[in-house]
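So, here's a batch of structures to check.
Here come two complexes built around chain A, the first alongside chain B, the second alongside chain C.
Presenting the complex of A and B:
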């Protein structure tokens, strides 16, 4: 049972989240967009958390599934093929295709040791990008490096997510509408994640993560359960990808490079693998790092040296790399660790 | 015929570079059963250091060979230090942690190395200065350049040297003993920490030379080159049987050949116009000597990955490896 105090806290958080876009919009719509991307990254991290956090499988090409979802959306809702399906049809298709990609990739590698999976996923991320770059001939499927333009925004009946609506005195701009949609999806994903974690499957994942041989001996079909984690993480990535394509209105292979996978991994690791709230906190924290760097490092360098010596983009990646190394060295279960995971990560170090 | 021979020569050249890089993966794996994710970046740093030195000396009156040698000699210790640091920072403190931990620190280290290289050398590729008179010899209708000959010979020499070191010296015995069983080797008086650090350092030293060879073959070095080179070399190591030194060599050369032949012929093989298909639309596409190529040579980087997947599906232990169980 939840206490009244907890209920009150939750209500406060809910009100804050609902009011947030209007506060941000006062500072500029750009901030609402930045927040939307942060929520998107929270979704991606939660998806990757199933694979890395729950099941303990290192996936270094997670962005590939994000890319699959984004391209499915782009192809089915843009003038590129002249198809304009509604988003509630495309998002499940994107999730299914990403899931299939996950199964095809996972099936041969998951019976082997974890390191193989890490490097195969690393390669897979790169291969997906090569295909997106080159599938413009002989039949123009992906439009190559130029990417796909003019992707349809979400549309529910007369409600168009790209236009502004006014309700009384409140102005609902496009990004604000996307924000609320993302928030709903996030809520659903959190609920699914919580239920999964406490389910038989969730316990099987943790068992495999902690000791695969013992898990097998206890009657868990380790290969299928691992495959399930992989496929589920991939589907979440596919859904996030579809929403990314709609919000952005444009997809190109450039958005799906290795660095993005590393960023999502850093979010999961820093926050605390396996702990949903930790992962969310990690994703929010690291999502705002590039903005923070842009607003501090750039002006500081301009003032000090009169020119840009260190690109904030490079610093961003250094921060992610350091986050991975330092978290693992000094706080291996993350900033907000899951209790069981902390015991596991610390026990072996004693 | 001469195209086939040419592709074989090109494949042998890149393959021998893959083999040398693969040795770095396989040695580390043999001893601690972990993949050194940052090995590709160490190779990249080797190429960058060597190119900087060579470019700096290019204007001097020294003979070209001495200049290149100076570059290599500067790169080897730089990479060895890098390999040592990598082991100390990313692997040694986590040796008894869950397997996921060192994998994550290693990928973090490789991102850090890559972006430090970006800071140090910039976004643009470094070009190899035109100081070597690259002579081209004809054999049987194909061409082989002096750089290619040098790469193949040097790789063979390094592989032979490493085999001698591992199988004929006292320290080599210590390495093999540690690979067999760390604890028992420790009881026999082998200092496991030293052996493990040594495999990182030796792999990095070999990688430095490989980086220079790879860079001079393609004429450029770039801060991102370590990624695909590392991935391919790892595939080569798995193909040969990871942990097996002879396997890495065989795997590297085979992968180079597959890649060169695949890239050379994939366009021709997937040209639907050369297939016995009768379809009105396709005939229209193929009219007047047109073609309909499904996959062209721009898919070059895909072959290594396909190879890796195929090996993992059909023979996960590799060509020469022992059976790899889920937990060795």
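Presenting the complex of A and C:
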């Protein structure tokens, strides 16, 4: 049961999220785009959280599923093959293909845990990227390193997501429309995640994370349940990938490097593995802070020293690394840990 | 006349150069408490792990409730109706006591991903049933006060009880307990004993590995003795206690 206070809080958050793009648009459309990418990263983190946070399977190649979703969208809605399917057909296809990729990765790695699993998943992520890079001959499937261009934007009836519409005095630019769409998808993903967490399947995932042998002996088919975790996580990655392709209008293999996998994992770990709200906070934080730095460091240096002493990109990584080290030192379970983990920490202290 | 619940014939298991089990045959009857004793390293836990599908057996066969137990995976064994506890307690440490028992219901319930996402009526009813049964079982083993505590925060004796509750949640026909009294004081052991007797009175069959000879002799209907991977005796406690081979291998003269 929710109290009135909580309802009021939720209503405030909803209003803030709805008003946000117009506030940001005042600061520049770039900020709306940055927000859209932040939401994409939140989606990815929530997907990875199922695998890493719930089931405890360390996955370092998660970006592969993002790539699969993006390429499925690119191939089915671009001049590359001359196919132009509507997005509501492609997104489920992308999710399904990514889901299959998840099972393909999961099946041979079922006996692996921890470091060993991490190495195999890392390899898988690289294999997918290298495939995208090289599948341009003999049959030109992915157009190789050049990537795929002119990908169709979303289109709902007469509503074109690449163009601006005006409603009264409000201007709905393309990014703003995508923002609202992403927000709806995010809402759905959060609901799905929470329901899974509180279900028979969610409990089985946590049981496997806690003690695999005991889980088996208690009647859990660990093989199927693990595959399910990989498949679900991968599906979310695939959906996020499809939207990425549409928003960007262009995909190429270099968007799906190992660094992206590590970034998403860092978001999950920093926020608090297993806790949906923590993971969201981690993803938002790690998406925005670097951008804020990018926009403030340069002017600040120019104002203080009259010249650029430290490249913003370098500083960005420095601050990023420092933040991670500090988090691991002072809040090892993440900024906003899962209740179970937090209680574990308290028990150790007591 | 009671029927045979579990029949094991000529079970053999080898780890490299060690013959852990050699031609072990035994029969557990419905509704009895069956004790398995023997010196350390005699193969008790190995036999246990073979029965519960954790180790594949090298030879022999097992019939359970009249059907051959060919499915070797532990979850299939749990589904067939054998539940177990572990010698070194294996709980889901960072889940609550209630959640631990709810895990035990997994094998008897069916809700999948889609019904969980859609929160179908059937899923909600099943979920409520899981919770109700788990609460019942916590009450049955006497730790319902700790339902919302993390498993790792429970006392040693309560953890043992929680493990039994989790095993019971799978609706077993045979409950296999691996040294449940290990590390318990006299009071805890006495409480455990009445718990196990209660289980038998409720119609459950129990397989008990135990080093506490007094407990085994007082509690069990029949006892088998393993030594160096071989069964050297199987009988009612009085007969086993008087068996010269058993005295030599395990009991010693003093305990007569």
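Operating definition for what follows: the second predicted complex is superposed on the first by the 306 of 350 C-alpha atoms of A that agree within 3 Å, B and C clash if a C-alpha of one lies under 4 Å from a C-alpha of the other, contacts with A are read in each partner's own complex, and residues count from 1 in each chain.
Quick note on the criterion: a residue touches a chain if its C-beta (ideal position, glycine included) is under 8 Å from a C-beta of that chain, and two chains touch if they have at least 3 such contacts.
Here the structure is a predicted model, which means the values were calculated and not measured.
Participant: Classify the contacts of A:119 with the two partner chains as first (chain B alone), second (chain C alone), both, or neither.
Facilitator: Once the two structures are laid over each other on A, A:119 reaches chain B alone.
Participant: Is A:84 touching anything from chain B or chain C once the two structures are fitted on A? First, second, both or neither.
Facilitator: A:84 contacts neither chain B nor chain C.
Participant: For A:130, select first, second, both or neither according to whether it touches chain B, chain C, the two together, or no partner.
Facilitator: First partner only.
Participant: Specify the partner with more touching residues on chain A, choosing between chain B and chain C.
Facilitator: B
Participant: Please work out whether A:269 is in contact with chain B alone, chain C alone, both, or neither, and reply first, second, both or neither.
Facilitator: first
Participant: State whether A:217 touches chain B only (first), chain C only (second), both chains, or neither.
Facilitator: Second partner only, chain C.
Participant: Regarding the shared-chain residue A:150, is it in contact with chain B (first), chain C (second), both, or neither?
Facilitator: The answer is neither, since A:150 touches no partner chain.
Participant: I'd like to know which partner A:194 touches here: chain B for first, chain C for second, both or neither.
Facilitator: neither
Participant: Going by the contact definition given at the top, which residues of chain A touch chain B in one complex and chain C in the other?
Facilitator: Overlap of chain B and chain C footprints on chain A: residues 213, 344.
Participant: Could you please specify the touching residues of chain B with respect to chain A in the complex?
Facilitator: 34-35, 37, 89-90, 93-94, 96-105, 107-112, 114-116, 118-119, 227-228, 231, 234-235, 238, 272, 285, 292-296, 298-299, 301-302, 304-305, 308-309, 312-313, 316, 324, 326-328
Participant: Under the stated contact criterion, what part of chain C meets chain A in this complex?
Facilitator: Residue list for chain C touching chain A: 52, 54, 73-75, 78-79, 83-84, 86, 90-95, 99, 102-109, 111-113, 116-117, 119, 123, 126-127, 130, 150, 152-153, 166-167, 169-170.
Participant: Can you list the chain A residues touching chain B in their complex?
Facilitator: Going through chain A, the ones touching chain B are 52, 56, 58, 60, 108-109, 111-116, 118-120, 122-124, 126-127, 130-131, 133-134, 137-138, 212-213, 258-259, 262, 265-266, 269, 273, 310, 314, 317-318, 320-325, 327-329, 332, 344-345, 348-349.
Participant: What does chain A use to touch chain C in their complex?
Facilitator: So the residues of chain A touching chain C come out as 192, 195-196, 199-204, 206-207, 210-211, 213-222, 228, 232, 340-341, 343-344, 347.
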